[in-house]
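What follows is a group of structures, each given as structure tokens.
Below, subunit A partners subunit B and then partners subunit C, in two separate complexes.
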Partner chain A sequence: MARFSLHFKTILTLSWRNLWRNRRRTAIMLGAISVGVWAMIFMTALMRGMVDDMLNQGIRNLPGHIQIQHPEFLDDPNVVNSIDEAHGDLLAALKDDGGRVWANRIRVPAVIASERESRGVNLVGIEPLSETHITGLPGQIAAGRFLESNDDKGLVIGAKLAERLETRLGKRVVVMSQDPDNNIAERGFRVVGIYRAELAAQEEFNVYAARETLQKLLKIEGRVSQIVLVDDDYRDVEALYQRIAQAAPEGVEVKPWYEIDTYLAVMFNMMDGFVLVWVVIIFLALSFGLVNTLVMAVFERIREIGLIQALGMRPSLIVYQILLESLLLLLIGLFIGNLLALITIKPLEDGLDVSIVAEGMAMMGAGSVIYPSLTLYDVVLANVVVVLLGILTSILPAWRASQLDPVRALNTH
Partner chain B sequence: MAWRNLWRHWRRTWLTVGAMIFSNGLLIFAMSLQFGSYDMMIDNSLQAYSGHLQLQHPRYLDDPKMRYAIDDIAATAARLRRELGLASISPRAAGFALASSEERSYGLQIIGVDPAHEPLVSTLPGLVKQGRYLEPGAAGEIIIGAALARNLKVKPGDELTFIGSGFDDSFAAGVVRVVGIFESGIADLDRALAQVDLAYFQEVFAMQGRGHSLTVRAQHIDDVETLQARIAALLGSNESILLRHWDELQPGLRQAIQADMASNSFMYIVLIVLVAFSVLNTQLMSVLERTREFGTMMALGLQPGRLSRLVMLETALMTALGLVLGIFVGLIINLYLSRVGFSYPGMDEVALKFNLPERIYPAISMASMTLGPTAVAVGSLLATLYPALRLYLLTPIEAMRAV
Partner chain C sequence: MSSIRCRQLCKTFKQGDEIITGLDHIDLDIDEGEFVCLSGPSGSGKTTLLNAIGGLDTPDSGEIHMGNIRVDQLERGPLADMRLRHIGFVFQAYNLIPVLTAQENVEFVMEVQGLAAAERAQKARAILEEVGLEGMEDRRPAQLSGGQQQRVAVARAIVSHPDLVLADEPTANLDSVSAGHLMGLFQELNQHHRITFVISTHDKRVMRYAKRLIKMQDGKIIGDEAQES
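Presenting the complex of A and B:
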């Protein structure tokens, strides 16, 4: 052991000194590694931030992490495809621990008409108290008030829709839908609140009323379209999903968000793949320079390597020495690159404004401000990939150096 | 001499050239795929429904209300077709209605179209999967999207009643027979769109010959700007009609492309910078190790200018090699992909969102093949400036003493 640490010290010193023999070359290589690592982490943080935003918005729009509904409902969101309000085992399972939010909801297609215009909308019956945690809607009220109770008689519509209908706060509008027997269900509502949403399409499409008011209008007392649940973290809903699926009565369907919106699920899953591909591509571009540096470093030192070999240094130690040299180079480069990434991401914490392409971002399902998200996983991944592959690509030049014939090596030049 | 110098350290040169080939190949591959998918995205999105250009009432785009209409729309369409010598111009009128089948009621967007010209501007008529498309002049026929048909529980031959409000705020209602069901794969269209004959629409919704848009499809996407100028000239200063480019009709499309381009450009630039570092490293080393040699040459009367040109020439040769081989590699990848297409796990979901097919094919063009390699070459030459210019600082005596 003592011998090993002595050797290690020797080759560490050798590597460190060798690294700085050609200061310019090392500096250039460090520059390349730093820029590469910076780009890996910076770009990943931006993409992560964007995808997180897409997922959050998408899930808030579904809404919920888990939905319980009639098996036909998602394809055919008709009032006929409703389920009983939460009761029995399901109700017990829903209530069993704190922190989590759930709500009964109604969602039916409807037509809303003002004196001047009519529009097709998505009529949503909600339980106002839970809504903060489900869609965050109460926080988005721009004028008037949010619904206050399950039997509130008011209607909350989006600012864009109000504009389209040429109506405003306090005015009456007529909402038309159908009851389960296909009779027109019609009722006048007073607009009590106007909300603004990040995505204009939602503002124009979703109209909110209280659950009990809608149940009466649609003649579906005791029944709802969906029961939605919000867990602590959307990334980890599996356990809750299993428990709820167990407790759900026959004939209803329980689905986690990633099965409801497969586009979101793909984005979520693809992100890890994207990060890996990006990191590897950058590394490959770097590896040419790295190998080049090592090959040259060995080449310049052929005589010297021959000499220390002749003096009795084992070939394996030469391999270790060169690998260590490469490792040191990588580590310093990684350090600078990580630091650069931190420094550049920090000022962007308040968001990178991309509203010039807001509608394009909306098409992808993201908002117009990107909040970079620096995750430990990505940083570790980038660093580990660079170190592992870096060592791997250094093995060949190092091994070649150790295979030199001392006699020949000493005679070169 | 430059050529020979390069091969003094053949391993180093190949490694540097290798970096160039790698980046060039990758850039060509990525750019071709990127341009290919943009083309397809634009084509598919525009051809399905919105067309390349639309003539509308100036306020209709921001505020699509029934009263922002164009007078005598069919006649205007006929006049434009005649004067432009272009058949693919189709008039439309749009309204909103609540449609009911025996079992269900849904709100839908109901469009009055000219069945003779609609197939020339939109792919929708061709996407009728059950039944047939509208026949010209047939009152009381309707075609609807597949999802809507499922939700209304109707099939071709069934009747629908619809109610809405007409142009003069009158009550508009009608009974129509479903003659066809289309399936475009675009959720918004399949879920909420229906088409009837234009004349019938105008009668039911009391439009009195008015309509809301004239949809124009150019023969090719590159002709759109010329066509736009010609139509604008024909219209003169008509304040009640405005010509809208597809950029305005579907602003998300252009912006999604711009956002994608911005993030891709960042990646490309990083790649190019890394190659430049590699070149800088190689050339600086090769200059430094030749200090003595250069010193001798200068002592023999060679101007530093010629030496730095020599170094630049060396880079240029390397770059040329990287360029040719890189383009070759890129071309092979592209040719392969243009036969089999490109796809990755989960791409079908993403593709659906952007109106793309499940496999995308690279667009092999002058731009996609040369843009990346040119940038790499420029980056490499810029990186060589530093070592090359250093030569001017060299004094023969000191240089010859250098080890």
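Presenting the complex of A and C:
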């Protein structure tokens, strides 16, 4: 290595000039590397954006990044499987910094009836002020208003459900459920708001009322089904999860989103693998060109390599020289490729409308607009893979060049 | 370092089914500071002998000693180092690195040897002037005539004052004035710096400068005599 650094300038000069000897070939190879790197980064950003959207939607449906509930609740969302509202240590832990949003929630099975129809639904008791960050429901109101306080007396139902019940905004409906003593709990509500969701199933099944109103109805004052929390970034909830789990009272279960919905977790975990596979596949396509370029470059200057050896350049320096030539090619290609990726992703930051294929997207749980997500990790990954594997694939041609017999090489025509 | 001793050197080449003799039991001693010319018809083994002495090609059998070193037994790396530090080469056909200028070609060996940039540049310029290439330092080989290229190669071979210069037909592309000038330069380096010269040539003008003339034929030495110069 000491030798290498000593001769670095010589080797660099040779490598750089040799690189531009066959401009056409170098240009073609640079084009291939640039486009390959662009495809790695651009497609990865789109993929990430899409999956990000799916995960966000999925988490909004749970809802929350972390849920606190009775251990039986997820299997049996019965009113008896409730917990105390946040208090004591847990309350302190929930409040200990301002950034995140949390709320007490109620969720029970119920029957909703208009004068014409009745249906089984999920009756959800919410704290309206934090709902924007938890499910985004306030943004989905299509008619009327959203609930305004924890003791609002109104009811918000989905457009689809309204249609099924043959009811509409301003009409009264009856909601019927059970209190913990198995007595019927029922009450009339006025439909104050109608929402539209991305998924029709939600519109049909989720019915929202204010938390305190439901507590009264179900005779569970002071108790709730769940406490849900939304942190800044769903990717990074582990620390918060640990802290909340510590603070939670006994007999209460604390779960992060990836344990609640394992499908989402699998999707999340597979993403990094997908990205790596994608990057490596593109690299493999590139590597054929790269090896071919180097083999040709060596072949064209066999005599020169013989000469350099004859003059006393060690075989190892010849390997370095050819590797450096390959590295220069890769670095220039990477530079252009990264630049291309940046300038093509930038204008798409406001979203790439894919509504032409929106139905397929909706089936996968994603919206019709993709927001490409360019992460440092992916960019670094693509660059590192190209440089490392690029150098690796260059070693063989470089080594073979260094093993040429100088006399025979010098006399090649 | 530069006394050369060859014992029973043999080298054959295979060309298809034919076996060609390159060197046939060569015994040769060259002392430090000698000025030797190898002559002989084409195919007599001059280049093969120079390559063997310079450690470019290994003989099939026999020994080559340079000082205390067994050249024929060195590994590739140390062999490369020996060429770099002790031998200046002028090859018969292909001499220059096309992507480097005349001056860079001359500097190349010094650069690999690890000389400082300023010293390199100064030496390279002086030697290029010496071989009559002043003003052509920045030309690439393709922009030089055959004779000029040859002179760049000679300049590179002698610039760092090696112990031994092995020159294969150094005047092949030179007019008689340049050839005379070059031989004068060789002679001066030989006399003042005790650099050993082994030169293969068909050129009578070159042979005149030799203090010792070796005649080769079919891979054998058929004549070896001292000359008055």
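FYI, the second predicted complex is superposed on the first by the 404 of 413 C-alpha atoms of A that agree within 3 Å, B and C clash if a C-alpha of one lies under 4 Å from a C-alpha of the other, contacts with A are read in each partner's own complex, and residues count from 1 in each chain.
Just so we're on the same page, a contact is a pair of C-beta atoms (placed from the backbone, for glycine too) under 8 Å apart; a residue touches a chain by one contact, two chains touch by 3 or more.
Model, not experiment: these values are computed from the prediction.
Engineer: Contacts for A:149 in the overlay, against subunit B (first) and subunit C (second): which applies, first, second, both or neither?
Structural biologist: After superposing on A, A:149 lies clear of both subunit B and subunit C.
Engineer: Counting residues of subunit A in contact, which comes out ahead: subunit B or subunit C?
Structural biologist: B
Engineer: Mind working out whether A:312 is in touch with subunit B, subunit C, both or neither, as first, second, both or neither?
Structural biologist: In the superposition, A:312 touches subunit C alone.
Engineer: Is A:177 touching the first partner subunit B, the second partner subunit C, both, or neither of them?
Structural biologist: first
Engineer: Touch test for A:242: subunit B only (first), subunit C only (second), both, or neither?
Structural biologist: Neither subunit B nor subunit C is touched by A:242.
Engineer: Touch check for A:293: first (subunit B), second (subunit C), both, or neither?
Structural biologist: In the superposed model, A:293 contacts subunit B only, not subunit C.
Engineer: Which of the two partners, first being subunit B and second being subunit C, lies in contact with A:17: first, second, both, or neither?
Structural biologist: The second partner, subunit C, only.
Engineer: Please work out whether A:411 is in contact with subunit B alone, subunit C alone, both, or neither, and reply first, second, both or neither.
Structural biologist: After superposition on chain A, A:411 lies in contact with subunit C alone.
Engineer: Common interface residues of subunit A with subunit B and subunit C?
Structural biologist: Common interface on subunit A, subunit B vs subunit C: nothing in common.
Engineer: Help me check something: in the complex, which residues belonging to subunit A touch subunit B?
Structural biologist: 22, 24-25, 28-29, 31-32, 35-36, 39, 43, 46-47, 75-78, 80, 109-111, 113, 116-121, 163-164, 176-178, 182, 184, 262-263, 265-267, 269-270, 273, 278, 281-282, 284-286, 288-289, 291-293, 295-296, 299, 354, 356-365
Engineer: Within their complex, state which residues of subunit A touch subunit C.
Structural biologist: 6-7, 9-10, 13-14, 17-18, 21, 303-304, 306-317, 405-407, 410-411
Engineer: For subunit C, which residues are in contact with subunit A within the complex?
Structural biologist: Against subunit A, subunit C makes touches at 51, 54, 56-57, 76-77, 80-85, 87, 89, 91, 93-100, 104, 108-109, 111-112, 114, 156.
Engineer: Help me check something: in the complex, which residues belonging to subunit B touch subunit A?
Structural biologist: Subunit B reaches subunit A through residues 9, 11-12, 15-16, 18-19, 22-23, 26, 63, 65-66, 96, 98, 100, 102-109, 147, 150-151, 164-165, 169, 192, 251-260, 262-263, 266-267, 270-271, 273-275, 277-278, 280-282, 284-285, 288, 344-346, 349-350, 352-354.
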